[in-house]
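You will see two complexes here that share subunit A, one where it goes with subunit B and one where it goes with subunit C.
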Partner chain A sequence: MNKKLTILLTMIAISTIVFTSSVVLAISGEEVLDKVDQTLDSKGRKSEISMTIINANDQKRNRTIEIISKGDNKGLVQFLSPADVEGTSFLTLTEDGKENMWLYLPAIGKVRKIASHMRNGSFMGTDFTYNDISMVGGSDYRDDYNSSLEDEVKYNGKDCYLLKTVPTKEDIEYAKMKMWVNKENYMPLKMEFYDSDGKLLKIMKNVNIEKIDGHLTPNKITMENVQENTKTILALNKVKYNVEIPDRIFTTRYIQQQ
Partner chain B sequence: MEKIYRFVKKFSMPIIIIVILLTVVMGYFAVQIDIEAGIKDMLPQNSPVVERFENVSDTFGSLTYAAVMINDDNILDKDTLNKVESMSKDFSNIKGVSDVTSLTNIKDIKGGATGIKVNEFIDEVPQTESSIQNLKQELSDEEQYVGKIFTKDFKNTMVLVKFEDQEEPEAVVSDIRSVVSRYEGPEEIYMSGTPVIVTDATNYMKRDLSRLLPFVIIAIIAVLYISFRSIRGVLLPISTVLISVIWALGIQELLGKPLSIISTVLPVLLVSVGSAYAIHIVARYFEEVRDGKDKNEAVRQSIKNVGIAVIMAGGTTMIGFASLFFSDLVIIQDFAFGTTIGVGIALIISLIFIPAVLINLKVTKRSKNGKETKFTKSLFAGLEKLVFKYRTVVIVFIILVIIGAIWVIPNIKTESNYITYFKEGSTTRVSTNLVDERFGGSQPVELIVHGNIKKPDLLVKMRDFQEEAVKLPHINNAQSMVNIFREENMALNNKREIPTTQNQIAQYLLLLEMSDKELISNYLTFDYNTNRIQMTMEMISSSKQKEILNEVKGLVDKHFGNQYKVELTGIPSLSNEITNLIISGQIKSLISAVIFTFIITSILLKSIKRGFFTTLPIAFTVLVNFGLMGLLNIKLDIATAMIASIAVGIGVDYSIHIFTRFIEEGEKLNDSINALKASIQTVGRANLYNASAVIVGFAVILLSSFPPLVSFGGLTGFTMVVSFFGALVILPVLIFSAYKLSSNENFLDNNHS
Partner chain C sequence: MYQKSLILLVIALLIINVPVLALSADEWNLDGKIKEDVVYNNSTEKWEGYSALELELDKSFGFDKSIYLNTELYTKYLNEEFTDLKTDLNEAYFDLYLKNTDLRLGKQIINWGSAYEINPSSMVNPYDLTAQNPTEEKLGVPAVKSKYYFNNTTSLTGVVITDFIKSPVPETLKETMITGIKSDFTEQLITQGFSKKQAAGIVKNNVNVVQSEPEIDELSELEYAVNFMKRDVKGFDLSASYFSGYEDLPSITSDLDKVEKDLKVIAQDYKLQGFSSVISELNVGYKRTKGVGLNAIGSISNIGVWSEINYQINEDDEKTLDVVLGSDYTFENNLYTVAQYIHRGYSDFQIAREDMKYLLLHGDKPFRQIHTIKANLIYDLGIGYYMFNPEMTFSLSNNLNLDLGTVITGDKESKDSYSLFNMMSGERSYFKLTYNF
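== the complex of A and B ==
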């Protein structure tokens, strides 16, 4: 495995989903990852996101979620609206390299553990899968992907590395991914996901990137399923970095008491 | 008429050459003509029933599917499951198939302490006996699939093959069938479902008609030969009808109109009907030749004397067919188009092409010797006796028949369900009965409920409706979000109940969206505002179907009332609409056929009274036709619905010929009784040849193995017999009685109004 690129990718993936980014040099990938880990470990992050899910007939569903994360092993997603799903929580914890996901639906009661094979399923009805989104909890891609530098290209007028990554874990259903990474700041601008037949399945774009609290943050992320003609837009309403978050928030007990 | 003669005389060779050339060109197109069999295509596109059906297809996917049932001692054994799996794969690779549902890809909502998941029941085909037993146990708990995808005893399983909407079902069905034939044995495989049945019906029609057409032609040749005892007496009428068939099919193809299930009878019909005009021209020609005229004069006299009657006869036949345009059913309109054009062509060919050929032929010895058989002699003697001696008996008989017919007509039942067309014991019927018996039917009945699913009262109403609906006879397998929620609750809380609060429903939905988007989209739109309740109906007769649809509507009113807008659609609703349109179309086209015939004959015979008399025997024929249908329990369906109009169009010809000849003879003889007698003797013979050709043509269709064709051929043939006797007995009796005819007097002098 090309460790350098794997680390780079890990960083990129994390920055993509967690809206956290660090400008690093590609030369020492491990250093970069450590740095990212340190940042995530030491300080928590809170954000509020408007989710718009658009189907093939251009009909829309709107939901608002709050994402709280701490380090690379704790993440919590909570629904703020619509009212009838408010309080629905999704918890990710990684222990000893093993990732566990729990779901709590207040009207149904009981915390449910998400079966691991469902990670390729849709996250809350969006075009993101659990795998796509599980970075929220800070799980790392270190062992999950092989990647290689394919080319150096221009994307949207910016010099980019074009990466090709291939999953090594069986439970990730993509055959491969392509990633356009800004050379200047290592921010991924576009990702393409290919299905098990090798056909283009989804395109993800990070739009309106700005620096917030010293972190490069896309204000909008779009994920388009080109096969089913559906789209999910995540718009960042609020984000706060370096927040002090107590560990007790990341427990099944806490989410049930909410 | 003189003009036509002069035109033909002047251009006889060019006419022959042009007709032959055109026939070759049209033949090239005619052989390419296609046959279409869609049930939806029968109904007008702007019909609200079709619109509703299409709306549902647009929202939730096609409602057209084939049901493939597999029978085995144990469907869960390795071999059968493997077969189901690879068969399903093969089906989904067929062009025009949108979706395949089978035991190997149905979804299961699983839950319990560890969480909830939706996955395929059978990830891997079980290899050991114990894993088969486990699977059996699991499947037995799935109320939504028992009786829909597999039977409780695990001896039958169903593969549902959904069609894309725009595809022609026929090609898809034939692809499915070839896949099935590859997998057959030791398991038995049965195919049913509306597209399968419709395609089978079309294939039967196609096969029988192409097999029978040569026999129809041979039979007509025989009739013509017996009638005329002359080669040209056979060849000219036969070539006329063949030319018109080729042209009619060629024009249809050029206009991009494929043949429908009913217009497949077009060639047979044209062969029988189209010969009439040629027969009358040729018969008159022989008559003139017998009287010693040379060929030009014989042709001239034929056109002059018979031409007007032939035009009238052809015109009324065209009106009879054209009146079918008044039907709201698209396939009957297409049929009207094809036949009207075909008859028009036959008429023109008879008036122009036949004389052109005759002018170029020498008068042969044979054409001078028309032979009289013993049968025709005694037949006409008998007819004369009936008219002149037993008039009262005839009138009493007619009145009795009319009363009898009116008595039984209300018994006629309308049928638009194709399955009734198949004989008991035919593969199609057996398969359909099995599918109905084991899986509760293959016809989708769809209820679209407009209302937000998150409202708990709506969900309760849907549940209550479903529970009552499946208790109705022939309605089964009600499925909606109700069932999915219940399965979900079962997985979560071990309770097979629906969620009861808005928050619960919303979160159940959220959980499902996370697990499997498709599972929901079959029953609920993206905006949560449109719900689908899917049911199946067994293949039953139209009247029964109507009854049950009404009961479903009653339940809809009971449960949803005015609170929620609910639409009912599905294949039974379509065929119910077809049934309704058959009746309304029948009435409209029949009335217009009779009225137009009356108007035309009145104009051409220059008298309303004469028009009325000419029309009366045919009205009688129509009455007898329906009477016979009521008596023999022949169903009014898309094929038999056309008979009355056909009978009017063709049958009135005999009366027209008699009446015009009666006027012609009356002018010559100045003696009405003898004029009537002469008409019966002369044109009556041409009528006999003509009627025999038509009747024999339709009688051949009786040999078909396909019941609707048999009743169509039989009934049409029968109405021809009735209208023949109507013209030769009823019409003369009417004339005789109404004008109080006596010898040495010409009724024309007194009654020329």
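== the complex of A and C ==
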């Protein structure tokens, strides 16, 4: 009797521990996305990136850009080459949850405010939209998407959370986005973007991830438009984290001076 | 005079800064492009061409100083022969960035206004009306520009233009204006009993056309402009500007009542003695003008919207009001569209002009990822005239682009020499090859 009771108590204890543990380990999609943003956040980051645009005929065009970001609310993308786009700058500032974007085109010598509809347009002929590139530049996913945990899966041999996210802002035209997040370090490895008809539109992948200055960094980001059969590759040339970047960099004044 | 002073000032600043510049100089940056434009003009049935080498040279000296030069070496193929090689210095300026102020000294282009391509409140630089697309070609002016930033969103800009630069006007446009006024005089003489041939002869012999340009020798004759800008006001960028200077286009500066009185005396002389020794002068020049502009750009419910208003009054109290209202939208398939309404109203002009109303529609879309197709339509809502300009841009390599396009126009010709259409070249087909380096 005592033996049976002991076994029963032991089983109850084990089940309690297992149940409690599973409650403690359960994590919501919102929490995962918060951790993704924390992983991608940096106080100050300056990177130079080679951009390759590949069309359906496999023709390639190359650009070089510099991305400077500070926290999750200030971002600046500047084109360094080729000559016909050199000096073109794209500034993103987020204040009280409201995102403002300005574009400076040297050819017209004028800073032009970007209306919200343009945020879904192609960023300088690439497969990235202005919104996508501002995410690469350091903006938070949590500001633009609601997230739910759909599954726990393996991707490229890594245990991942599979998130289903839905945009919270009207000016994002993706119907939804799926994100594969590495459980180990909360680095997003793959994202699928779906169009307003619910069809798969684009796939973004973070590849060759390594720790630089204590920050997880993809050495390559690919964005593939599966409907148009086009692709844009961002290859990291150099990056510096924890850089002291003065606020004056993130002004319309500065982008006109460059 | 003031242009020379400005050049001397720029040179003096460079000399003073030489030791500092030498120590902090980054690399010289040389960019440029080789352009080959070939145009077939449908009305003249002739080929025209433009070959150019454009060079851009810039250099930064630390964070607070830089210089920039843009020069062009070109030849044109006109009337079946090439013109001599010419050089234009498009821009050449020195930048100095102080704590809250940006200074720019030298020949420069200043673009204000929020509208698409047509910016009536941007009055500092003249348009090159001899270019195939004048709305895209502005000429640099020698000027001192100072921009003071109150904070990151608010700025006040002051510009002093030290020398008058006129819009290069196609000879046909000048002829249209002068022929128009002369034919009015001829008509007056015909009503007084002269034959058409006699009237034309009298006007030819007794009305001299005198053309002049402003010479700036006094401070009070300088052109200047001010712009106040406030960004992000409830999602809109707002600005107000003021300009005092000269009109870019020539017009009749004579008092026409006096010319008509002279004509009466001349006509009387002809009736009495068969000739007249009275010579009336018809002056063609550039009137002093003032303009106030207001601009707003932002978005309403996901659609980009803007407005640009400019009110001008010249030395003869002739008034021009420009109103431009526009919107743009990008569709999910990356089709970018613009719709813009342009209204120009005239009042109190010596020679009556009719208001002009235009609709401008634009669309562009990338195809095969790296090429672009675009089209512009300008439609005159008053006379029904239109200009349609489809164009394709092919990216042949990283640095080489080919533009292929054609301009198709409606049948009606505007009689007004100041019509937007008369300032543009007529029906044509073209290709442009541009190599950037």
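FYI, the second predicted complex is superposed on the first by the 208 of 258 C-alpha atoms of A that agree within 3 Å, B and C clash if a C-alpha of one lies under 4 Å from a C-alpha of the other, contacts with A are read in each partner's own complex, and residues count from 1 in each chain.
Methods note: a residue touches a chain if its C-beta (ideal position, glycine included) is under 8 Å from a C-beta of that chain, and two chains touch if they have at least 3 such contacts.
Quick caveat: nothing in here was measured; it's all calculated off a predicted structure.
After superposition onto subunit A, the partners subunit B and subunit C occupy overlapping space and clash. Look at A:Q59: by the touch rule set out above, it reaches both subunit B and subunit C.
In the superposed model, A:L103 lies in contact with subunit B only, and not with subunit C.
In the superposition on chain A, contact of A:G125 is made with both subunit B and subunit C. When the two structures are aligned on the shared chain, A:E173 is found in touch with subunit C, with no touch to subunit B. After superposition on the shared chain, subunit A has more residues touched by C, the comparison being subunit B against subunit C.
In the superposition on chain A, contact of A:D84 is made with both subunit B and subunit C.
Using the contact criterion defined above for the overlaid structures, shared-chain residue A:A115 touches subunit B and also reaches subunit C. Residue contacts after overlaying the shared chain place A:K154 against neither subunit B nor subunit C. Within subunit A, the residues touched by subunit B in the first complex and by subunit C in the second are 55, 57, 59, 61, 82, 84, 108, 110, 112-113, 115, 117-118, 121-122, 125.
On the side of subunit A, the complex with subunit B involves touching residues 55, 57, 59, 61, 82, 84-85, 88, 103, 105-108, 110, 112-115, 117-118, 121-125.
Of all residues in subunit B, those touching subunit A in their complex are 111, 114-119, 454, 492-493, 499, 501-508, 510-511, 513-517, 525-527. Interface residues of subunit A, counted against subunit C in their complex, comprise 53-57, 59, 61-62, 82-84, 86, 98, 100, 108-110, 112-113, 115-118, 120-122, 125, 127, 170-171, 173, 195-196, 228, 230, 247, 251-253, 256-257.
Looking at the complex, you find that subunit C touches subunit A at residues 31-33, 66, 95, 97, 102, 109-112, 147, 149, 152, 155, 231-232, 235-237, 297-299, 302-305, 328-330, 332, 334, 336, 366, 368-370, 395, 398-399, 401, 434, 436-437.
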